[in-house]
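In what comes next, chain A is part of two complexes: it sits with chain B in the first one and with chain C in the second one.
Let's turn to the complex of A and B:
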């Protein structure tokens, strides 16, 4: 039933995807020439990481979060402040950003996880705004609207990764790790537990799951990944200010996973790449480019309401092709 | 549809999009010299980008009509940053990649200009922003320039004018935000240094329309002058209420109060208000009148301060380009920019400090007389 790659084992297919990310894509970008394709690639990979992390919470666990850019910002500021004030290297600021964002995520999650659907969405909307306003007005700590500049570029164990190509590989590594982590989480019994929460949390509680705990865990993992994306952004951009972490960014990340397919991991990747790359490749049409992007989003939702790659087919793909939890020949369902 | 095909479809879509983008790249025409201009042309700040582009086109057309750089015409490549730092970084890379782009103008807001500035600092392209007033903007690297003066420049200017007009004591009313605080502090510092005395500094929250309590409070010390650091909406209310309360102090303000709306809202009570200004369409100077009439003819709209800033930024860049000739390199253009001295623009004569790259301008003195802004000689 599989077309070409049917003779390869899931492990080899996974390696193939890694080879594309680290070999074929950068080679293609290099052929286009210059730093611009790589810069777009870095931004796309940062947003792939963000979309993948939001997909765990919003797609799989069904908690509509409208404050994801806030946690992205917390990670970026944690990394930027640690790097500029304490002179920490990227290898330390990256986990720090994840830990700080996750800790804040848990603090936010404790009171809000008992909320469902639109009430949770509005609560996260409020949290996102609180984070943005704090970054803007806590001038003594964050420098407020002045932003943080001269964030040192990435250097790992003496290896200078300050250029766009180095930045691409760092962003690709973080994105690959995020995808792998979320892939293992969502395509497992754990992921099924999250999905059962999304469908009916009372029923899953009756089956012996602890919904509040599961939601907090998923939210913390998601925030940690978003925070690490923030660290990559801070170190590759060298200058950050609160206007990179506004509500619009949360909506952009949400749009990515909806266009790609809610609950679908490959969909989140495709959605993020499309919504970052499309506005850049459409620069040629000038004033109409954002309208074209809007039309694209509108049509994709109109004709593919489940996303470019819907959840059901994405899970089938992950199981059959990438060796997640169950394979097609075993059949989906309880093992 | 099988999931594999759906994925393929997705990739095909992306590939097609990429292919479109590649073919959309402008074909390399050999002749004109190129400058980049990044600005918000979509999104909620697009009205500013629109003005910048309009003003830049007028200046560029006139420059090329007058012979360009030793006969070589100049062309400006416009890119839309949406006032979004991540797009601005991508544009900065794009401009830096193009070896034919010798210098760059923009972006609109300081933080976006600084995010792009980090890229220009690495790639070595001179960046001249018409509006970035962030104190750290020119500290990003030696490649950053701006032609807008900050309150650090305007405050001492107005303070000196006030002292010359005989004021010994002054009270300051300022809006409570980063701009208002720095405007009030820069002015107070200068006024004290010039031998005057600041009797009170009062801040109000943005959105305040009732200044009676503040005016009564500062009025007790009977200051010779009152300095208003705010915008026209608040300024009109403050000036009306000062008149109602019969405050006799001379009124001065920051240039931000300049707007025809101030007179519309404030009526009689704004007469006598004095402020420094960079650009006033009513200024009778010939270069200003040429700009205003050309802008009106082309776009059926009067230019404001933002259009004027862009007009001068483009002019300064083109002058620097002309000074180094058609074979210029990016580094030569930067050095020529740093030498900008008394550029006669519509916002006054602009000079750059070769070391700090901060602009100095001859500001005009302006007073509201008989319901009109009048430039004082």
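Let's turn to the complex of A and C:
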């Protein structure tokens, strides 16, 4: 018998989530034999954080962003450089990563938010590539393809969290905070304002909402969270290189929220866990596992147009955005 | 007399290429009026509407609303001054509930920022919710508040759109062809509803293609043809105006035949 989660009170659900995240899952991972399962757990939590942040901007506000891994990378490099060159502790590199990524997000958003959605998607694709290429070629600052090594492990106020279990708890805390923040935003009237942009932003404007400002805000918050996920990644992996922040990762994050369901927070979490854990679970079938993951994604789009729990269909969103561009009724890319 | 002029349109023109969609229109709407704006298809009604609500910038002329010149204002700024509109081709937020649709009007008018979303903002949330509920009750959709807007019937969506506009607590409500696609019974109900809004003290501009609706409820009717205003008087006077008969009624009868 499955417990209907939606019938539980919000506080009970929060407690349940915390208990699962900080108690049941680490216990289960420990039973599976420690090290590697915990590493998968950390990766899953980092991607949960990323998916949750992308869900705010793409799922709720309806802005298709194809460069999210770029902001993840900017956060990771900001944290790694501050930690290795300036010897900043994690408690400082974490907010730094968020601020740097958010600032870059605002710089990107200012000129592009007036673009019709599909052009915005292309612009973010370009920005993601630009970030990757910059990380790769700005050798004097980022060490280029050699990456940054020996990023100090996490230590918070004298508490040594350098091991995988410590890393897990840090990643879980950041993911929980991201979920909490995005939950608050999307379940408030602010969330309704963002959802109305996804549905029809001209109409939102007629109701007195400032679409450009709202989009920039949502994008900045989303980038900040992605940047902080980058800090967690840099400190737990201790080595980062530009290869972890390519277009493929952006698409992976997008796939997570599409499978989970656009606009749904539990959907983003489930989507991220599925797409990280599934390939690990399927290791037994060797090279077929990526095909299995692909088939899984294909079937979920085919049979669940709104994903597992979504409030808007991904195909509908894409169709509207492409449609607006093709109709050309709002001018050549600008409105 | 001038004090209660709500909307003042002066020599307003908008050209698209060589086409003068709105040509030197001067008009005014006073507090508490229920005014109709009619004209055959392509007369420039929707363009005039978009000029007034800030969606299209004018080529020349001015629009003054509550003493403020709207030149250069964005639609959301015009809306916050107290002008609310509905859309000709029904633009609701389909993947949101009926209540959430209406709440957007209240959010736009009252404001609800990022900080309020993150850290509470309970007081403002209460105001928004109260306003949304009262707008829903006004149009009789309160019992469907939790329903997804996409699941409403066509007729109910019209009222949803009006409720969303009412939630902004507008000083001037502009309805763009609200009767389009409604049958006679539904149109009669709508006429009754618009009259009741007006009776409550609302100032309403009704942009319509349906002559019957406009003539039966409006105090004053403006007629637009080929972008120019050709009449502006009481319904009975307008109906007898030869210029109107030629430009509009004649065409309308042929269409109906």
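Just so we're on the same page, the second predicted complex is superposed on the first by the 302 of 335 C-alpha atoms of A that agree within 3 Å, B and C clash if a C-alpha of one lies under 4 Å from a C-alpha of the other, contacts with A are read in each partner's own complex, and residues count from 1 in each chain.
Note that in this section a contact is a pair of C-beta atoms (placed from the backbone, for glycine too) under 8 Å apart; a residue touches a chain by one contact, two chains touch by 3 or more.
What you are looking at is a predicted structure, and each value in this text was computed from that prediction instead of being measured.
Applying the stated contact rule after C-alpha superposition, one finds that A:308 touches chain B and leaves chain C untouched. Look at A:164: by the touch rule set out above, it reaches chain B but stays clear of chain C. Set against each other, chain B and chain C touch different numbers of residues in chain A, with B touching more. Shared-chain residue A:31: touches no atom of chain B or chain C.
With both structures placed on the common chain, the touch criterion links A:118 to neither chain B nor chain C.
The residues of chain C lying in touch with chain A in their complex are 53, 55, 74-76, 79-80, 84-85, 87, 91-96, 100-101, 103-105, 107-109, 112-114, 116-119, 121, 124-125, 128, 164-165, 168.
Chain A meets chain C in the complex at residues 181, 184-185, 188-193, 195-196, 198-200, 202-211, 217, 221, 263, 311-312.
Partner chain A is touched in their complex by these residues of chain B: 1-4, 6-7, 9-10, 13-14, 17-18, 20-22, 24-25, 41-43, 79-80, 82-87, 89-90, 93-94, 96-98, 109, 111-112, 114-115, 117-119, 122-123, 134-136, 139-140, 178.
Listing the residues of chain A that touch chain B in their complex gives 1-3, 32-36, 38-40, 43, 139, 144-147, 149, 162, 164, 233, 237-241, 243-244, 266, 270, 273-274, 277-287, 289-290, 308-310, 313-314, 316-317, 321.
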